[in-house]
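Quick one: the structure is below, questions incoming.
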Amino acid sequence: MNHAELRRELHTLHLELPKNALVAWTSGNVSARVSVDGMGDHMLIKPSGVTFEDLLPESMVLTDMNAQVLEGDLSPSSDTATHAYIYRHLPEVGGIVHTHSPYATAWAANAREIPCFLTAMADEFGGPIPCGNFALIGGEQIGAEVVRVLRGHRSPAIILQNHGVFTIGKTPRAALKAAVMAEDVARTAFLAMQLGTPVPIAQADIDSLYDRYTNVYGQQQATSTGEAP
Amino acid sequence: MNHAELRRELHTLHLELPKNALVAWTSGNVSARVSVDGMGDHMLIKPSGVTFEDLLPESMVLTDMNAQVLEGDLSPSSDTATHAYIYRHLPEVGGIVHTHSPYATAWAANAREIPCFLTAMADEFGGPIPCGNFALIGGEQIGAEVVRVLRGHRSPAIILQNHGVFTIGKTPRAALKAAVMAEDVARTAFLAMQLGTPVPIAQADIDSLYDRYTNVYGQQQATSTGEAP
Amino acid sequence: MNHAELRRELHTLHLELPKNALVAWTSGNVSARVSVDGMGDHMLIKPSGVTFEDLLPESMVLTDMNAQVLEGDLSPSSDTATHAYIYRHLPEVGGIVHTHSPYATAWAANAREIPCFLTAMADEFGGPIPCGNFALIGGEQIGAEVVRVLRGHRSPAIILQNHGVFTIGKTPRAALKAAVMAEDVARTAFLAMQLGTPVPIAQADIDSLYDRYTNVYGQQQATSTGEAP
Amino acid sequence: MNHAELRRELHTLHLELPKNALVAWTSGNVSARVSVDGMGDHMLIKPSGVTFEDLLPESMVLTDMNAQVLEGDLSPSSDTATHAYIYRHLPEVGGIVHTHSPYATAWAANAREIPCFLTAMADEFGGPIPCGNFALIGGEQIGAEVVRVLRGHRSPAIILQNHGVFTIGKTPRAALKAAVMAEDVARTAFLAMQLGTPVPIAQADIDSLYDRYTNVYGQQQATSTGEAP
């Protein structure tokens, strides 16, 4: 995608956040890594405190990978430093989503990983969704915690204690898909816990499901990019 | 319905899945048995990994009853082998729906059948919704488990341990209705359990309700086809 | 309202059922008492097994007060005998709504009245929403149970064990309002129970709230008719 | 904003109440302080018992700060005396929202403050959302309880025992944002409690989050006015 296409894609993906009930008011944001010829990588991200309805493709703020604004009249999301840290340390990541989606955040308030009772969770996350430690917002603490936990991990999603969810992907769309699925499995796992003691899935079965899903499911490269061809 | 009408009907029914909150992202699928003159039965099914918004009538993939693609540029759902197995072994089935709808799947994560506390459930399912054993995705294990449990059973719905829901019907619309109602009763039964110990319905009353609903309710043949004339 | 206006009003009110998440698929119905000059009272009611999307004003079935069809090509709701019984025995009732709305029905599955922890519930229902005994569908058992409990009761809503909700009103709109509010308070009371032991409201305060709401709230006669002038 | 703009803004904000699932039927209302040259302050507020769909900018009722109608054919909300009391005693308040949103009200039914387990709650409310004592509707009891608790409190939201939520803000939009966020955190805190014992956030971290959010987040003055520039 070129720069203009990426702005439109980010706009579309932001509208998926309220549509999938992942956000309230202005909370939640999506960013994309932007490669600019000869200038290294930059980032496009949601402006701070703007409602999803009021967003436009041109509202997205362009920053460098130290969260400094390069283009745009609005202040970038207050989570920009976190996104920048993740892009700097995980070069394979092309998109990041952050939400406080309610079921996933309820697990995070208990500092508990989301356990893997569901084949759909084995498919998408390869096991539990890990929970990172408490970290304050604004600086690089959160980014560092995300990178520490997700580097080399199967799961493209992390929940952060008392806070919410970060998901990563090769594209912003893949990260969004992970955010939608994280809330979906967080909810079903929550409901399952209220009914009793859910049956665990054997590790060998989790491995087998994850392998099949990663290598077979979808149209060609669909899974890795999150795009439905 | 002819082939073109069936494609439009499948398209319409797929849109009912997100509308009734039964699916997240690309999960969930509907298929229809297609009888082709002199060629035996075929199946139309959702392509794999395509979002519901992006589906078109012409996106549906035509396969034979061994899940081999006959027509269509996209790969069929990764659940195609399961659908094919069910069609081969239950000749009265004309449509199949698969979802991971959250409340039904929460019961499935506990490997518990959904108990019958509700007259609407006695009507539609004739008693509890049974829970099948764990089976891996991709081959015929799931199909075999669905057929083993649902053959001769009153319920057109089954939940599968750690996985989700399959429903069957004379038509795809009837199977969709069963999927909508399965999630509805799974939710109310869940809520009822949180409040205390729900009162069971006497077996004779369940039998009476099921008999009345199957033979009297709706317009003429409406119940058996799931169509509202 | 004349006959044609009443058909349009019933159509509008049926669309409020899915909009307020009170129904799944074809479950749920609204009826209106129709006074015909020199012919006694009749009833307009939803046809059986028709989806809400497919309803039209002219789909409503006209029956007499013994549930016999007078006008219309479709079979009336399988709950018609219940509605007829209520109209015959409660002459002040001009409209009736029936749903299986999930939270109210969860209380009904436990054969528990919905307790009055909320000022909005004291306003609207004057105390708890009572729970009637189990009764089979089809004949007059349900109607008799509704009339036995609601005659002279403050509450315009009743839940029926293992079944669902019936609400009555001077108009169909007033009955619909009661159905919407019944589910709303059933949900909040459910949530309150999950958090601990809700604080009861003193009977004198319930009486005072109910008196004020019934006599002061809304525009002139708004409460008694359920219409917003 | 001039008077006409304020009516349009109030109309828009009222539509946000059902859109954010904060209300059922006609419950819930928004008001705005109106400064009239040389005449002191007045208030615009929702008319009583009117559905949100039927509201128009010109439906809003103008009253003085003793809840006496100055302009408008409809009766003002039955909560008008409460709003008036708050405006008289908290001169910095420019807008007030009242709802019975279900999760917040479930906490209120237990007479429990909503505890602060979430960084988003520390941001927005600076700690727990306090719970006021029971007070009867209609007179000034509720207004007095709101003012007693919120004067000098960080939280722009209060829940009232057995009743619901009041939020205040410099503008009606800021009060609405607080009402949306109050329900959001009430829900996540509820869910977190069902999973076990949520981890508290250290007071120093709450203070730090609240300070950053109040002084840094959003575009310029966005937080204090609730407007997204």
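Lettered A, B, C and D in written order, each chain numbered from 1.
The rule is simple: a contact is a pair of C-beta atoms (placed from the backbone, for glycine too) under 8 Å apart; a residue touches a chain by one contact, two chains touch by 3 or more.
These numbers were taken from a predicted model, which means no experiment stands behind them.
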Over half shared or under half: which fits the residue numbers at the contact of copies chain A and chain B, same or different? different
By Cα centroid distance, the chain farthest from chain C is A
Chain A to chain D, mean C-alpha position gap in Å, rounds to 31
What are the residue numbers in chain D that touch two or more other chains? 194
Identify every two-chain combination in which the chains touch. A-B, A-D, B-C, C-D
If we count contacts the way the header does, which residues on chain A are in touch with chain D in the complex? 24-27, 47-51, 54, 74-75, 78, 100, 102-103, 105-107, 109-112, 134, 136-138, 161-164, 190, 193-194
Residues of chain B touching chain C in their complex? 20, 117-120, 123, 177, 180-181, 183-184, 187-189, 191-192, 194-199, 201, 205, 208-209, 212, 216-219, 222-223, 228-229
